[in-house]
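Think of it as A, B, C and D in the order they're written, each chain with its own count starting at 1.
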Amino acid sequence: MTIDRAALITGLERLGAAMERDFDLLNTADGALGDGDLGVTMTRGMRAISEQAEALPDDLGQALLACAQAFTKSSGSSYGTLLATGIMTIAKEVKGRSAIEAGEVSALVAAARDKMQARGKAELGGKTVLDSLDAVARATEGVSDPADVADAAAAAANDALETFRGERATIGRARIFGDKSVGLDDPGMLAMSRIVAALANREA
Amino acid sequence: MKKILNAPEAYVDEMLAGLTAAHPEYYRLHGDSGKVVARATAGKAGKVGIVTGGGSGHLPVFAGYVGAGLLDACAIGDVFASPSAEQMADAIRAADSGAGVLRLYGNYGGDVMNFDMAGDLVEFDDITCTTVLLADDVASAPPEEAEKRRGVAGMVYAFKIAGAAAEEGRDLDGVTAVAQKAADACRSIGVALSPCTVPQAGKPTFEIAEDEIEMGMGIHGEPGVWRGKLRAADEIAGEMMDRLLADSPVASGDRVSILVNSLGATPPEELYILYNVVKARLESAGATIVMPLVGRYATSMEMAGVSFTLCKLDDELEALLKAPCECAFWRVG
Amino acid sequence: MKKILNAPEAYVDEMLAGLTAAHPEYYRLHGDSGKVVARATAGKAGKVGIVTGGGSGHLPVFAGYVGAGLLDACAIGDVFASPSAEQMADAIRAADSGAGVLRLYGNYGGDVMNFDMAGDLVEFDDITCTTVLLADDVASAPPEEAEKRRGVAGMVYAFKIAGAAAEEGRDLDGVTAVAQKAADACRSIGVALSPCTVPQAGKPTFEIAEDEIEMGMGIHGEPGVWRGKLRAADEIAGEMMDRLLADSPVASGDRVSILVNSLGATPPEELYILYNVVKARLESAGATIVMPLVGRYATSMEMAGVSFTLCKLDDELEALLKAPCECAFWRVG
Amino acid sequence: MTIDRAALITGLERLGAAMERDFDLLNTADGALGDGDLGVTMTRGMRAISEQAEALPDDLGQALLACAQAFTKSSGSSYGTLLATGIMTIAKEVKGRSAIEAGEVSALVAAARDKMQARGKAELGGKTVLDSLDAVARATEGVSDPADVADAAAAAANDALETFRGERATIGRARIFGDKSVGLDDPGMLAMSRIVAALANREA
């Protein structure tokens, strides 16, 4: 199974529904370690995307660019900007193509991770969304069967969330919470585990 | 949530509509996002532009300081949320008159990422941008990590000083350099007594007991250095001055300005009570106070609390601080 | 009581010490009561003096409006309490430069008695006094008993207009007449969301539920016309405008100024949201808005709420309203 | 028994003590129908008086003038100014005398009442301190025995308080309470019943 426009739209529908469902969960997680708006950011961004879902072109590069712009316009929150940066990176990579293979996912996620890292000037291991993406990129490396990629990605994002829960936050608004952040989920990592689960159709 | 508003989603748009309608001589909306405020009358052609941006809920910060001798344009986010990179790019375009644009704003992760991205966007328009970040809140990181500090009311001094330098006709490097000098000269600390409510969140940003205060709390409710019982004004002001002066000692003969700022609900009466201690402390260190500012210069809606900002001056900064400026919230000269 | 202060008894003295220390270019203490504020630089010799007075806790009202093109002196009482007749007499003496003194203040029983008594006291000094009372709060008595109404934010217009007339060199009768005309032109109404605390009382001036507002409440917590659930900004502003316009209709072609005033804690963001309705209502009646004022012009410490003041103008009032004035809280021209 | 400097000082001592005792009572009554400061006004005024009690001259006119000035300086509250006006009126009447008779009380109180009425521009019957004074003046009219004067004055002030409780307030801050004022004591009348009781040494 390849990822084409139809698969993208189905994935975005699942993701939109997941973000509506997780609105409070993400706001609450961000409230504990930030400003409580992550649910708002995600629902707003996804609504902006789904408004234009029907008009998305077959060219996956153009389609993802439109998704990134929807996020860039709908809010200025860190997560939205980082996601937009990551999606835009993938968009550039796949420009002109109407389908990609599951086996390409790892490299694309890694490219997004690197560009987001440059934008946010953060280190890997800092308990941020970067660590979720890093885990996904590593876990899917060399995997090409679509179902295996989906399994590996979803598991990796969850594992990263679990692993980093016990760490101290070092970046963004969460940093100031210092030791109080130990034991709490990074909101951006929590969101990414939900995003990956929805896109991979591996929701619990 | 006890606030006077219509739909929470409309809060910022309606606020901006009212701001520009009440003061058309100072402000106009620029572009079609509806979230960029520019000067009603553009600055002189060839003047370096100065833009800022940040979340709503801090009036006069940010948009209020658009005006002659101050800022040229401002991108406005939702309450306590960064404006989008697109809006910032629009603000940069509004501010540009060919001499380049200084991005002068507070050190918050989202704002930094978005202003960087906005810089990428306006490269296509051939606009040269520089950046100066305010990172004046001494409670938000120790001196060794001073670059990680949040930007708070110190930006009022930076806006004023950079704005005057641009008005004088300095070039982009000159304006940027003096803005950086002003940013480096400022140290702030706040104390919070009660929270505020972000309209779309619908509940207070934090909880605090009826008899408690939090020293060093940030303007969005970021945790401070201690929480404890409310104490006498003299004691609160004394500790705040201790913390500022530990970070930025003043010596005999120094010239400084000081901003005693209400975070919103705290009335000017209380600011003046605090000012007595501030003045005594600075004067007993031998410093001369120049143009003290007492009032609501950088707020968090209805939050109760105060912040002090100490700005150490040299001749250049003092002259620029005293130069004329005019916006709906502040006039000098 | 969550306020930043030292001893409640010292609140007013320390506030005045801070006010005069922070703004020595505008204010000085006069006499030895420590409760009279006069201009730092006396007005021109031969100028009619204008004094006001009233309780503390309303900054910039009253003392804040001492300044060029505004007031000459002010007697300051404890929080929400009238100054004594002795202090008022001192303020009259400070304001006098031989051309007589207008007593211009709000209609509160205690203030009236004391200013009358103060007039008796300064008769010995051969100072001629006139009186104009502000009685602009439409919620405090029906039109048939308009002279019983309380004086609230309308005094800002009266201070400004009378101050400009005195600065122009008009004589006592002329200044008094135009002050009366300004007072007659003003109507105000307030709505309260939360109380404030008088330091010496130590508890809030009234209680109100978390989801309630009170329409028409006075600035000291005097009961209003109804108490009910918080509603949308547009609805609140609409009712306030209805009440003002019922008392003082505007017609097509009228020129009016409007003050959208925070009682303290209510942030400017909310005032601007309200301003949209205010503007639409006045303009749909065909009136032109001149120099709208939006901000904190007459407050009750940390009370949350707003008031609107409508001031109907003629050419004389408009010219005087736009004339220059300068104090630490307000500048025109 | 005549009223002389010594009697005045004893009376002021009792009055000072009564006002300290009634601080909360008067603030509360004024809180219900006004701004809650009547206890503050009275204790502050009485403290200012007692600071100079020792220095009071034998001339009752001069002594009362000093008392009135203490009130005028110590606060600007309506009640303080009205009391000062009344005391000043009596002071003028008795100027130069070192003693007065109980039989003169009625006329002196009536004179005070009239001057206070002029100052406050209020009508009799408006449920204010004027009605207390009016009742005292009437009840002591033609009475000359000191004990009878004391009894009559104390009873009259109390009766006036009871009688007017059921009326609507018409003056001062209380006016705005309208019908809500029915059933509540006018704070100034309550204070006057305590003042009279203390001066007359007829406290319950």
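The rule is short, and it goes like this: a contact is a pair of C-beta atoms (placed from the backbone, for glycine too) under 8 Å apart; a residue touches a chain by one contact, two chains touch by 3 or more.
Every value quoted in this text rests on a predicted model; they were computed, and no experiment measured them.
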Look at all chain centres (mean of CA atoms) and spot the one farthest from the centre of chain A.
D
Based only on mean CA positions, could you tell me how far chain C sits from chain D in angstrom?
32
Chain B to chain D, mean C-alpha position gap in Å, rounds to 56
Cα centroid separation between chain B and chain C, in whole Å?
30
Using CA atom averages as chain centres, what separation in Å is found between chain A and chain D?
78
Which of line, ring, star, complete and other names the graph you get from chains that touch?
line
Which bits of chain D are touching chain C when the two form their complex?
27, 31, 35-37, 40, 72-78, 80-82, 84-85, 119-121, 171-173, 175-177, 180
If you look only at chain C, which of its residues touch chain B in the complex?
2-6, 11, 14-19, 21-23, 56-57, 59-60, 64, 193-194, 210-211, 230, 232-234, 236, 260, 264-276, 279, 292, 294-296, 299, 301-302, 304, 306, 329, 331
Sort out for me which residues of chain C touch chain D in the complex.
33, 77-78, 80-88, 108-114, 116-117, 140, 148, 198, 200-201, 205, 218, 220-223
